[in-house]
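Next come the structures, one after another.
Both complexes below contain chain A, partnered by chain B and then by chain C.
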Partner chain A sequence: MLAKYLVRRFFASVIVVLGVTLITLLLMDRTRGTYVPGIDLNPNLRPDDIERLRANLGLDRPFYVWYLTWLWNVLHGDFGRSMIDGSPVTSHILDRLPNTLELTGTAILLGVLISIPLGVIGALRRGSKTDHTLTVVSVAGFAVPQFWLGLLLILLFSVTLEQHGLPWLPSSGATSPLGGGDVLDRLEHLVMPATVLSFFYLSLWSRFTRSSMLEVLSQDYIRTARAKGMGERRVVYLHGLRNALIPLITLVGLELPGLVSGGLVVEVVFGWPGIGRLLFERALQYDYSTVMGVTFFATLLVVAGNLLADVLYAILDPRIRYA
Partner chain B sequence: MSILGQTPATEIEAPISTFEGAATRHAQSYWNESWERLRDNRIGVAAGALILVLAAIALAAPLFTLFLTHYEPYGIDLLGTFQAPGHPHLLGTDELGRDTLTRLIYGGRVTLGVAFLTVGIALTVGTTVGLVAGYYGRWLDDILMRIVDMVLSIPAIFLFILMSILFRPNPITLAMIIASVGWGGVARLVRGEVLSVKQRDFIMATRSIGARDVRLIVRHLLPNVLPVLIVAASLGVGQIILIEAALDFLGLGIQPPTASWGNMLTNSESYFFHSIWLVIFPGLTIFVTVLASNVFGNAVRDAFDPRLK
Partner chain C sequence: MSRDGDADDKGFEQFERFLEHWSRRDFLKRTGGAAAYMAFLAGGLEFLEACGGGSTQTSQTPKKGGHVIEGNFTDIRTLNSMLSSDTASNQVIGLMFDGLLNYKKNGDLVPALASDLPKTSSDGLTYTFKLRDNLKFSDGHPLTADDVVFTYQLAYDPKYKDVASPRRGDLSKYIASVTAQDPKTVVIQTTQVFAPFLANHALYGILPKHVLGDLDPKAVNTADFNTAPSVTNGAFKFVKWEKGQQVTLARNDNYWNGPAYLDSYVYKVLPDSVAVTNQLKTGEIDIGPVDPGQFDAIKTATNVVTSEFPVPTFTFYAYNLDPAKLGGQLFGDKAVRQALLYALNRQQIVTAIFFGHGSVANSVEPPTSWAYKDKPQVLYSFDKAKAESLLDGAGWAKGADGIRAKGGQKLKFEMITNAGNKQRESMLTVMQQSWKDIGVDATPKLIQFPQLVSQIVSIRTFDVFLVGFNWGADPDVSPLYHSRNAAPGGFNGADFKNDQADTLLDQALNTLDRSKRKDLYGQFQDLMSDQEPSPVILFNSGIYGVNTRVQGTDFGPFNQFAQRPWNAKVWVTDGK
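Here is the complex of A and B:
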């Protein structure tokens, strides 16, 4: 039963990924006819030079040839070369990936580690001042624009502290340009962007843990556990929290693709050399192959993340039927 | 508890309602009930009122600039750049000497307009697809839902960036770009509702007295998915404002000189050292608006969602 369900989900996922590549390339096809990436670097090119360039980059081929060639190469592990600088797209992605994972991984980890206790506290002390405060903070976390929060942090911890001659945090990049790169230096750069990003996850998951916990605590088996004289601590953590976390796992699983794309705005604000900023900059330059490669990569992760969340959920919650 | 919680409240009465009028009569009482619940939520009502006030200010922008701020949104004053908040510029001026308050008011037109338009488009398309997929089922459902999967599998921000670069948006196309992802979630939601409503006896009864597909969908399915739609719409506005602001901030949305809350922040890093208000006020406006939308959305959900009882 489970195996059949998994196979079906897998093939559905493959179709989805193929469809996404088609949609993305169709979108880009719209500008392909008139544009040569990098042409703005040299305005002195003659028309026949442009023709030759376009042919070199494969931009003169009909759409279906373009798409099928791309697909064929990707299936063989070849993401092509950047149309701007000629280096392999794969190396661009691998270059940026560790930085992005460092940022988003930290944010997601912080989010999970802080939100679960906060959610439990909110549920256990429902209606208390602490609960209300936590609610207000998480409602605010939903409403604050990430890029603005980033700007405010830079204003406060980089600009203002520096103006007053106090120790300040670097506002841009993942390492210092000169002599940077050790652990402390990376941490200094990581603090602000990771805070901004985790604030969002924190708001999302602490609310969710709270309501999930409240629901679980009202279940019959909790009453049974209490009735048989089990200690409150064990009731809450062993029976309550364990069951309350099951839906949270799905939710976190759905955010896993955010490991690659979720930090885009934060990366741009903090000049973080990650995947998101790579896509943003290369899209602005019409670097089709890089854009396709990054989008394909990120989509694969989304689909894999969804699949993983489904599977985990099916394993963890035996009540789920594989329909 | 949880079984009841998952069952739409309408189901209890549904089996009795074999006649067409019955569904409408029931819906009436549901609306009254929900409306009263919403009215009793004071914070929710206050948030909703704030949104209305902001929308009214945006609509009446020319009046405000005529009688309150006395400036034009594009009125450049190169001798009066970076003036601090106070008199005569209540919220100061920007790098071209334009009045910040005036631009915020006009920016509200664009930002709120795009947000409401986006919700409208996403709801219309999503509802239609969801109703059709859920009602007809089978291969049509498979195809439509796979398309939804595809749209929702591309990281949304990637799609927004690609489309914004390729289509150079004005407010209307920007709304279409954001809605091009938003409809997917709505379609899924509506389809799920339709699948459960479709099972009920009154649908079969209606069909057995000879109602056509279109009538069944519009008169009987749609009213039953309306609560979910209202909730989705009111919860969605805040998120859409955030997305739009981020795109504008990145320079991919509304293009200067047209003011929007997001693009007023685009180069604000360069004002950190002398004109903090240019960073504070637009962001604060976005924050307060989204906050009010979310609080109102939550209140609407608590009042209208039949599954939350």
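Here is the complex of A and C:
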């Protein structure tokens, strides 16, 4: 059953990947106008030079031809070279990916570890001051723009602390420029961006855990457990939380693509050398090959993340069966 | 592949960089960017040159050791001087590779690898360079005339046509041959007398033939050397490049000008101008450009010395003069162009929008140029009455709706600039209001920078555009004003065609004598002050912050990224 399901999902995934990459290219192509990456401002170009460069980049052909050529090369393992700097797209991705995974992985982990206890506390003390405070904080987590929070943290934990002669945190980059790179150094750089990024997840998931927990706690089997005289602690953690967490897995699974793309704003604010920033910058420069390479890669991860969440869901929740 | 004899080949270099700057700035609605060469500019902060009046030289004795971290907004792309086409790359290349010549901060040429300025033949076609004694690459291999010949061959010799050098356009046009007369003598034979040749083309970093010489032309484009040069000839050698983050360099003990004081030099990529200000304050970076809007924030920091100086950059707007377009019908009469300029209170623009960091422009040459004429024939101060009388005189009478019209044609048009540049957005609003006051209906429209560029250089359906422009050290301004450059792809998007202007520009380009050139450019500035096809609103200023522990820098209008003859002389007081 599962095998059949996986095969079907695989084909659906192929369509998703094709669709996403095609739409990405279409959007870039439709907004590009007559612009050709890297040449328009050379005062010495004659029209035929521009044509030649356009042809070199493959921009003289309709976008679907460009797309098919690109697809053909990708299927043969060739992601091509950046239209801006000429270096291989794969090297761009591989250089940036570890940094992004470090940042978003930490943020998601922090989010999960902190949001679950907060959600449980909120559910158990429903209507209390603690619950209200947590509600306010999580609403703020949705509402506060990440770039604003990031700038504020920089101002406070880098600039202000430094001016008062206190220990302070570095405000940009993933490592110190000189002699950096050890675990402690990376952690120092990671604290602020990971905090900002996890704040969003935290808000989302703690709210979700809270309501899911409330729902479970009102179930008959919880009443039964209590009636049996089972300790409250066992009721909450063994019977309540385990069941309440199942839907959360889907939610976290849906955020897995964020491992690649979710950190864009944070990466920009903190000068984090990640893949989201690469994608953003190159999209604005119409660097088709880099954008397409990153998009392709990110889409694969999205599809894989969703699939993983679904499969996990089935394993954890015996009520779910694939047909 | 060169279209035009006068234009500077470096168009490539600026262009990509603007996009990067523009992209980030657009995102956070702040500015940050840098231009080392002639080009249109996307942003409000177009200068990474540092302290003009403020060289940080003291009487202290320099110490060996320590490091300097310089902040910038853009990652580099290549470290090959003949492939580089953006200023960030050029800056880092400049730390590692010297060319034959270099610039002083006022734009004058000084010898670098050459022992002196070259001898120019009497016909002005041949330049003979003598190299310094005992030049060596960082690996100890001698640097000879062969290396110079090889470097230039990459960009002009048909044999190397597969090398994707952005310099090929100009070099293949102007260079007839580059030959090594003996190991220390290089002779460059040019195809025509071209005054800016040395200023534009004698500064390229010289590459090691013993490393790259055996590669076939195509392989040069993708050589490992381009991302990790194993051998350099400048003040520093390459250590590592962490993409999107920083480039680390270390002292080159074989540098001709003596080993650098610093152990290492780091080029650090930052998100934006706010980050630069913050990190100058925290000391995370030692050197960085300061946005006018951030100036007050940095002024109070005791660990940072700021200084401000004029840069070869101006902000201007241009009328579309193509008779076939709407603009041509509205602005064909110079009285209209003049009237609109009289109606602008440009001092107020400088004060309110640029916080006083800039100056009202009287000329089309930037004040940093030796050819600058501060008082050309016609000067424009804010004069609304004069503006109205000029329009009245030209037959543009106010209608019932308060908008002027002539022969049924309303004086109504659209102004474009790039979205995300707050200063330019504000300027368009000011222009709209000022012109409304004299009965002119101008509507601002914001578009993305690549689209703005396309409008200026090729599409040209605009009525008026507003943009910044950065000039090189040579006073040649033909890219914007010569009729030849009105062809598609050229910078003369205004379609300004004036025989007298063309003649003056051509004469100045084919004259090597500086005082004669200055006279010609003086006449040209007079002419332009009368014609005003694309009025310059203001000359921009550069502001730079340097940590007090850093000594020996000597920045100025033309000591930009790649042009820092004092690289090896920078030192830090704390030795760290």
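Operating definition for what follows: the second predicted complex is superposed on the first by the 310 of 323 C-alpha atoms of A that agree within 3 Å, B and C clash if a C-alpha of one lies under 4 Å from a C-alpha of the other, contacts with A are read in each partner's own complex, and residues count from 1 in each chain.
We take it that contacts are C-beta pairs under 8 Å (C-beta built on N, C-alpha and C of every residue); 3 or more make two chains touch, one makes a residue touch a chain.
Note that the structure is a prediction, hence the values are computed from the model and not measured.
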*asked:* I'd like to know which partner A:268 touches here: chain B for first, chain C for second, both or neither.
replied: both
_Tell me the contact category for A:299 with respect to chain B and chain C: first, second, both or neither._
first
*asked:* For A:155 in the superposed arrangement: first (chain B), second (chain C), both or neither?
replied: both
*Regarding the shared-chain residue A:65, is it in contact with chain B (first), chain C (second), both, or neither?*
neither
_Is A:315 touching anything from chain B or chain C once the two structures are fitted on A? First, second, both or neither._
neither
*First (chain B), second (chain C), both or neither: which does A:276 touch?*
first
*Tell me which partner A:20 touches in the superposition: chain B (first), chain C (second), both or neither.*
first
*Between chain B (first) and chain C (second), which does A:87 come into contact with in this model arrangement: first, second, both, or neither?*
second
*Is A:238 contacted by the first partner chain B, the second partner chain C, both or neither?*
neither
*What part of chain A is shared between its chain B contacts and its chain C contacts?*
31, 147, 151, 154-155, 159, 163, 268, 280, 284, 286
*Residue ranges of chain A touching chain B (in the complex, touch as defined)*: 12, 15-17, 19-20, 23-24, 27-28, 30-31, 139-140, 142-148, 151-152, 154-155, 159, 163, 215, 218-219, 257-258, 260-262, 264-265, 268, 276, 279-280, 283-284, 286, 291, 294-295, 298-299, 302-303, 306
_chain A contact footprint on chain B (complex, rising order)_ = 1-2, 146-147, 149-151, 153-155, 157-158, 161-163, 165-166, 238, 242, 245-246, 249-250, 262, 265, 268-269, 272-273, 276, 279, 282-283, 286-287, 290-291, 293-295
_Applying the document's contact rule, which stretches of chain C touch chain A when the two form their complex?_
1-4, 7-9, 11-12, 14-16, 18-20, 22-24, 26-28, 38-40, 67, 69, 77-78, 83, 85, 164, 166, 169-170, 173, 221-222, 227, 242-246, 248, 264, 266, 268-271, 274-275, 278-279, 281-284, 448, 450-451, 453-454, 457-459, 479, 485, 487-491
*asked:* Under the stated contact criterion, what part of chain A meets chain C in this complex?
replied: 31-35, 37-47, 49-50, 52, 81, 84-87, 92, 95-96, 99, 147, 151, 154-155, 158-159, 162-163, 168, 170-175, 177-178, 268-271, 273-274, 277-278, 280-281, 284-286
